[in-house]
Amino acid sequence: MSKLLVEAKAVVIPGEILAEGMDHLPGKGAFREGEKVIASRVGLVYVNGSIINIVPLSGRYIPKKDDTVIGYVRDMTYSSWFINIGYAYDASLSLKDASSSYIERGASLSDFFAVADAILTRITNVTKDNNIDLTMVGPGLRKLKGGKIIEITPAKVPRLVGKQGSMISMIKDMTGCSVFAGQNGRIWIKGKTPEAEKIATDAVFLVEEKAHIRGLTDHMKGFLEEKCKSLKVEKKVSINKETKK
Amino acid sequence: MITEEYVESLTKLGKRMDGRKFDEYRDLSIEYGISKKSAEGSARVKIGETEVIAGVKLDLGEPYPDKPEEGSIMVNVELLPLSSPKYESGPPGIDAIELSRVTDRGIRECGAIDFKKLYHKESGKVWLVFIDIYPINAAGNLFDACTIAAMAAIRDAVFPSIEGNKVDYSTKTKTPLPLQKLPISCTVWKVGNELLVDPSVEEESAANSRLTVVFTEDDKICAMQKGKDDPMLADEIEKAVELAFKTTKDIRGHFKK
Amino acid sequence: MKYEKRYDGRKFDEMRPMSAEVGIIKNAVGSAKFTIGKTIAVAAVYGPKDLFPKFLQNPKSGVLRCHYNMMAFSGAGDRVRPGTSRRSKEISMVMEKSLLPVLDLQDFPKSVVDVHVELIQTDAGTRCAAICAASLALADAGFEMKDLVCAISAGLVGDKVVLDLDKKEEDFKGGAVDIPLAIIPRTGEVTLLQLDGEISKEDLKRCVDFGIKGCDQILEVQKNALKAKYTEAKK
């Protein structure tokens, strides 16, 4: 008989024995050693049937195909840009993927994206050799103008987005700010006033800090309601506009 | 960069990213004796998320030939790669050297420590005061943090005892260093056209100019350093000095009596 | 020479009080502070990042680089001169060797992970404290690890086998032997073993046994520190 030694959603650390016996299988963040299933990183226990997964609570971003990320233009060649996406290696954006309209060969690339520009982009391919391809063709993908970018632990991004985007929508609706969360932990925030942006920022950091608590949505709702009281009436109008869209 | 532009656009509205006023410092705390066993004096300073620690080591050494009866100080700031992804291992770069020298000047020039009282008659040697300063988490305003940490460590320090003209580090005396002044620095940063104190990392990179002013408790200026690329107008300097004066008075209140 | 009673009154197999905390340096990917007696080590992890020069890169895995440093004022006597010394280079190297067996950096080929450890105050056992702090910081940074690494020194003071020597014991006039050990607690594998002094084979075995026993207590402190970060926030 296989025995599970940890509770669901418990915080575990590397080397901690999760289960004994062959009925349980190590999923992500776990491995088998003889009869034992052992955690290989700090995280929360999620048991899915016989599989034990460890959902990480920290860690650097590892690029995956189809991730939408926020990158900074670091350098360019005559036919592509090098983009810092918060990984050990730069990703590359080639001329053909930079725009849905035709860019002539020999055009000045900085007319499109200049060094230090921030872009919302999507990963189309990741090879074993760390070659990461990006595209700017797709809904919402664009150069980010104005606003600010903050960084949170990439592991917490799914929580910030919430189920079907519920958490991030709540922050957007209540503060009236545009908020985009890159899978790489970079969050772009742009609002009508610095006060609204400050509340959205604080909210994002609060989700990061309390990502693993139960009832986070209610907690966040309370926080946002309290904070948004100080926003002037005119902003409530803009919130309505936002929701009407 | 997008965030620097954002910081600058906010200052035009009279705002800062974290909601502070231009003349508002983050929470400041000073802790003494954080390396009691090893150092003769030590302190930890936190300004918001910035954390800097400083330690004082004393040694008996040969005096400078031109001042045979005076001791001296040595200030060294090391920008540890532990404290920020921006710092690299290796010999000190120009940023660390500037920080060391500005901190050194502030303490040296006002006579914060009475060098004449660092003379040890019996051996003909003098006390050398080594002040080593390290950021643990570099999150803006290291200029002020380094001077505050250095002065706190100096005020925490006591002499080790002497055994036959040699320093016995294992036994400390109760004699503090001969202190005369408490210099405090405030660096005023110019972002866009506005002057502000205690910048975050983002504000520091958005700033075009900065002015460090070190004040003593008798309201005298004992060291200054204008930094970064852009020039400053004379009346901006006047305003910056006034802002620094006001701020250093507040900071001084955080020191133990 | 006889060593009757420990200077600080500890039992011969008793360690000094320990404490640990993770996430102390916000700028870092992972960080930790580890205190044992009066020895205080802080560690910060940065990376993975691009590794130069290129010939140092491993195409199949990330590379671990440790940087051990004593702060200038952290020595027992004179000021420690800033900059790397032969001693700090060697300790950095043995730290890497003691941590690598548990660390999996295969997700980050060709890159480097830097672990910076600074000693704020020292009273012997600094490389062991540095390894304990580094191991915690790597776990805090979310890297895949088979286990944590615990390190402690055991040795001989005069005629007695003792655990966790402090500076005064290392300097014992009747002679002392210092054996820093790093151990993977779950398997008992030894990843660091150095020896300073003269010892019999029998006493060496007793020292290693002492060390392995001591590591259980270290693991407990490390475990609590890592979990505290997330349970405190729960409140």
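Annotations for the structure displayed:
First chain written, first letter: the chains are A, B and C, and each begins at residue 1.
In this text, a contact is a pair of C-beta atoms (placed from the backbone, for glycine too) under 8 Å apart; a residue touches a chain by one contact, two chains touch by 3 or more.
For clarity, every value in this text was computed on a predicted model and none was experimentally measured.
The touch graph of these protein chains is complete, with an edge between every pair of chains.
Among the pairs A-B and A-C, the greater number of C-beta contacts is found at A-C. A separation of 31 Å divides the Cα centre of chain B from that of chain C. If you average the CA atoms of chain A and of chain B, the two centres end up 38 Å from each other. Taking each chain's centre as the average of its CA atoms, chain A and chain C sit 34 Å apart.
Those residues of chain B that touch chain C in the shared complex are 34-40, 42, 49, 51, 53, 55-57, 59, 76, 78, 80-85, 89, 91, 130, 132, 134, 136-139, 167, 169-170.
Looking at the complex, you find that chain C touches chain A at residues 29-30, 47-50, 59, 62, 102, 104, 107-111, 139-148, 184-186, 222-223, 226-227, 230-231, 233-234. Across the complex, chain B is touched by residues 72, 116-118, 144, 146-149, 194-195, 198, 201 of chain A.
Considering their complex, residues 11, 13-17, 29, 31, 38, 40-43, 56-60, 62, 88-89, 128-130, 155, 209-210, 212-213 of chain A touch chain C.
Listing the residues of chain C that touch chain B in their complex gives 24-28, 38, 40, 42-44, 46, 67, 69, 71-79, 82-83, 114, 116-118, 120-123.
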